[in-house]
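The next part holds the structures, each set out as structure tokens.
Each of the two complexes below includes subunit A, the first together with subunit B, the second together with subunit C.
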Partner chain A sequence: MRKNKLLTIFTIVVFAFLMIPLFIITVTAFGKGTAITFPIKSFSLKWFYNVLTLDSFKTSFLTSLEVALLATFIALLVGVPAAYALARSGIKGRQLIKSIFLSPTIVPGIVVGFALYQFIILTLKIPVFAGLLVGHFLITLPYVIRIVGSSLEQFDFSIEEAAWSLGSGKVKTFFQIVLPNITSGLSAAFMLAFINSFNNIPVSMFLSGPGVSTFPASLMNYIEYNYNPSVSAVSVLLMLCTVIIMVIVDKTLGIASLAK
Partner chain B sequence: MAYMHLNHIDVCYDKKINILENLNLEVEKGELVSLLGPSGCGKTTTLRVVAGFIEPKAGSFQLENEDITKVPVNKRNFGLVFQSYALFPHLNVFDNVAFGLKIRKLSKDEIAKKVNEMLEICGLEEFKDRFPAQMSGGQRQRVALARALVIEPKLLLLDEPLSNLDAKLRVNMRMEIKRIQKKLKITTLFVTHDQEECFSISDKVAIMNQGVIEQFDTPENIYQRPKTEFVARFIGFENFIPFTKEKELNYKAQNGQLFDSDSTCETSNCIGAIRPEDIQIATKEKSKNVVKGVVGVRTFLGKSYQYETETDLGKFLVNMQADINLKEGDEINLYFPPNKLILVQKSNA
Partner chain C sequence: MKKRYAFLMIVPGLVILFVCLAMPLLKVIMPTVFAGSYPFHSYIRFFQDEYYLGIFIRTLKIAVITTIICGILGVPTAYFISRCNKKLRGILLAVSIFPLMTNSVIRSFAWINILGSNGIVNTFFMNMGIIKTPLKLLYTDFSITIGSIYLFLPLMIVTVCGVMENIGDDMMEAALSLGANRILAFVKIIFPLSLPGIIVGEILVFTGTLTAYTTPQLLGGNRNLVMATLIYQRAMSLSDWKGAAVISLIMILVTVCVIKAFNTLADKLDKRGENHA
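Our next item is the complex of A and B:
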């Protein structure tokens, strides 16, 4: 194959542009001083220790984890049947309903957050954690419907018809035939929904309350008052988690399945 | 009463267009009946009504003298084979075939016995552990057939099962289907748009057009004696002459010329149809059924040449043996043998 030198250089530049900030952050996390400096003068793991022992980080991390898992789980429970209905039934205005389901991803996060604040906190007066859960459910649902919907559309409908003709009822067919064949879509939906919920700031900011805060929100809060390498350490830990998850996904399903 | 009976079936789409109109079909036990027609003629819709995927707006469907119009798909016990094979991608061949038996809650030993028997009939023993993605089109189609047959269905429904296969495999597979169908004596409905495939395999053929069965008969009868213009066109008649009836067996064309035909026609207006290979060059002594024409474009067909011939009665396509060599502009007399000139009814398309 003929190699294009210019293209190679361009690729390297883009890659460097993406990777250098991550590299700098990683290095600064291991500094000894109280200010974030690059390059670091001496090596230390004390900021990692600091992060892991900080109570506000610990509780908010657990809150975020809990909210993200629960919200994603509920979104799957609601979103998978909804996606199935949208993909299979010939109801009128299918396209319109689809776009409505996707609207939370189009409207700016801050607007969604404010609208939910108005409705959930001020009008319905739901407890903070429940409110947070509802908000995160709403922002994760579109991902589930979109991704599961597209894998359902790729799944040959006559396979279901064949199962029916062999005597299997509709519910049984869904669990025995349809679900086992859209697992890659389901796990992709789970990952994206989870990551989006876990990283979300605008909706969480509006819906947090006394004692209940999500991880990104409390991280932001911390940075406002303490600008030290703890932040870098947190970033490194998060990157590590993501890499581990990705490796697991790649080993079990293959990264390519996420792109489907 | 026939084994399977479709009674005045109406199906419409969006409550406006009639896809099927007053459709009647009777199939005897053990017969293989084909639904043949161009795409959009309603043949697949008919099959889906029988399968239970579509509920007709009017009419009823009887099987063994029992009305099963309202019985849901999964309670009908029919075997279906789809054009796309529709195998379960996550199950291997054995489990694909066993699926219907597992739903029927048979014991493990019974399932294994029946599945293995069916795999043997379909020549699939060695592929038992393969997954659909690891098999060729022909093999997958045989798995689909085995899966449909193992439940001992009351009816076998085949929806264009061969159209995704290449030409040679198609011929083999249709022989295979015929062999298995006769061996198991299973009543079968076969949907296809391929005339040759349909004639070679069927006991009877229903030719469909615009939601109506135009003719339902044995392949031989349809081939020799089409009833309507549509059927005639579909099975290879290329030349048509509008006639008015003068007297029995004697018909007048639009230019006043009289023709003899051995076939009969009930109405006063009808159409004379003839295949390109049945038109001959007139010998001197023939005076009736002769039309004078000028040779136009010539096409090579292998065994013969096809000539486009211009006459008073319009264009005719004529096939001639390769040793008869005509050139463009040659004047010839065409002879229409009375036993090959078939009278058909005008169709609405």
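Our next item is the complex of A and C:
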């Protein structure tokens, strides 16, 4: 279609606004000096080397990976059956139950972290890591309910009934017919839940203790006391991971599945 | 499906949510409701305190400005993307999603580099000889606002784009063939049809900005607090658990009210959008 020139320029300006700050970070990561300068005066990879040798980043990166994977896994375990039951059974109050499952999104992350810190860690004396896991489960569950729920709504349940009538058991049908048909929804839910758990800060802020700190939280602490291109280098490495994930998602599920 | 099985599939999740979300919240918040000489005494005191009220108003102000600007920048951009051919649309959508997948620490850090006293903007103006001493851009309401816009604009674009893609080109063509110009057709046809999506986007931006922690912490510093950073400061630096709980409930209530208000607005505004989008 014929495009409006003004709208084209407007869109270019908006995308420049979105991209230039990330571009600047990328350039500054390759600077040689200890101060962050743009444009850089001389090229060096030493900040990348510096980052990869920092122990606090390494341990917290592993912690974040572990928490995000475990939380997403538990959320799938709890969320998929619930989404299936909500889509398939005519129980009363479906809307209400669904909104209860989505309710963690209404409570601000910092409040979730604060309440869990008070209740789980101070009152119940449960280890910090378990508290962190609970917090991240609350982040990931709504993604599973929402995305798996909407792909179940599009699933043609007559296929399931056909399997039943041919003598397949209900549990077997669920695993062999229903689940394989919603794999794209499951994968999208997994990706989004994982990424959002990995990136989350507010929930994790209160839920850290000796040896337990998530990657974004330790990055944030680092920024508050240090101002050098190490942070730019970390950012570039993380953005590289994001690009790789996005390419994989685009090739398998299509990029639009991340826009849910 | 038998009710019993459905029940078994749903209940574990509900129990976990009750134990891990409802109970901690009630345990933390209930004592503050009945503390003092009458119910909600601590809450009334919060709004009577000029310092707290200032932070509350600053938080709302930043959220309102961010929501408006994200709407103004996001809606036309989303419209542009939704009208592109498939290939270009995929690329532009990917470029919009990329910041969403990028950690908010990184996205805020980018603005420290730009707005700091040795940052790009100040260095540029000082080299040009326009200013002699660096402008104080970082650790202001301005830096929090621009950081929030930067944080939530992609969300607005992606959300609105999702709705606009479903509006067929024939709508626009019909309007044009009936004599409307493009701008009029957008205002009269496309905008009302995509209003539900725009409102969802604005809810996400407003509540997101209202409750954001990372960006105000990194770009606002310890002087320019907002509600989220205030909770953390009260609880962790000052051990004022009650104060933090009071702010928590206020934040939850404001979030719920905003969502309700936007949804009521959506219902009252043009109903045509709901039937098509």
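Keep this in mind: the second predicted complex is superposed on the first by the 254 of 260 C-alpha atoms of A that agree within 3 Å, B and C clash if a C-alpha of one lies under 4 Å from a C-alpha of the other, contacts with A are read in each partner's own complex, and residues count from 1 in each chain.
Heads up, the rule we're going with is that contacts are C-beta pairs under 8 Å (C-beta built on N, C-alpha and C of every residue); 3 or more make two chains touch, one makes a residue touch a chain.
Since the structure is predicted, the reported quantities are computational estimates derived from the model, not experimental observations.
Novice: Once both complexes are superposed via subunit A, do subunit B and subunit C end up clashing or fitting?
Specialist: Here the two partners, once superposed via subunit A, fit next to each other without clashing.
Novice: Identify the partner contact of A:A233: answer first if only subunit B is touched, second if only subunit C is, both if each is, neither if none is.
Specialist: In the superposition, A:A233 touches no partner, neither subunit B nor subunit C.
Novice: Under the stated touch criterion, which partner chain does A:D156 make contact with: subunit B (first), subunit C (second), both, or neither?
Specialist: In the superposition, A:D156 contacts subunit B only.
Novice: Considering only C-alpha centres, what angle arises at subunit A between the directions to subunit B and subunit C, nearest 10 degrees?
Specialist: About 90 degrees, rounded to the nearest 10.
Novice: By the touch definition at the top of the document, which applies to A:F17: first (subunit B), second (subunit C), both, or neither?
Specialist: second
Novice: Applying the document's definition of touch, where does A:N4 land relative to subunit B and subunit C: first, second, both, or neither?
Specialist: Touch partner of A:N4: subunit C, not subunit B.
Novice: Quick check for you: in the superposed arrangement, does A:A68 touch first (subunit B), second (subunit C), both or neither?
Specialist: So A:A68 meets neither subunit B nor subunit C here.
Novice: Once the two complexes are aligned on chain A, which partner has more residues of subunit A within touching range, subunit B or subunit C?
Specialist: C
Novice: If you stack the two complexes on chain A, which partner ends up touching A:T123: first (subunit B), second (subunit C), both, or neither?
Specialist: second
Novice: Return first, second, both or neither, reflecting whether A:A85 touches subunit B, subunit C, both chains, or no partner chain.
Specialist: second
Novice: One more residue to check, A:P180. First (subunit B), second (subunit C), both or neither?
Specialist: A:P180 contacts subunit B only, not subunit C.
Novice: Pick out the closest CA atoms of subunit B and subunit C after fitting on chain A and give their distance in Å.
Specialist: 9
Novice: So which positions on subunit A get touched by both subunit B and subunit C?
Specialist: Residues 170, which sit in both footprints.
Novice: For subunit C, which residues are in contact with subunit A within the complex?
Specialist: Subunit C residues touching subunit A: 1, 3, 5-7, 9-10, 12-14, 16-17, 20-21, 23-25, 27-29, 73-74, 76-77, 79-81, 83, 90, 92-107, 109-114, 118, 120, 150, 153-154, 157-159, 161-162, 169, 172, 182, 210-214, 217-218, 228, 231-232, 235-236, 241, 244-245, 248, 251-252, 255-256, 259.
Novice: Residues of subunit A touching subunit C in their complex?
Specialist: 1, 3-4, 7-8, 10-11, 14-15, 17-19, 21-22, 24-25, 28, 35-36, 38, 78-79, 81-82, 84-86, 88-89, 91, 97, 100-101, 103-104, 106-112, 114-120, 123, 134, 137-138, 141, 170, 195, 199, 201-202, 205-206, 216, 219-220, 223, 227, 231-232, 234-235, 238-239, 242-243, 245-246, 250, 255-256, 258-259
Novice: Residue numbers of subunit B touching subunit A in their complex, please.
Specialist: So the residues of subunit B in touch with subunit A come to 51, 53, 73-80, 82-84, 86-90, 99-100, 103-104, 144, 147-148, 151.
Novice: Going by the contact rule at the top, pick out the subunit A residues touching subunit B in the complex.
Specialist: 156, 158-159, 161-170, 172, 177, 180-181
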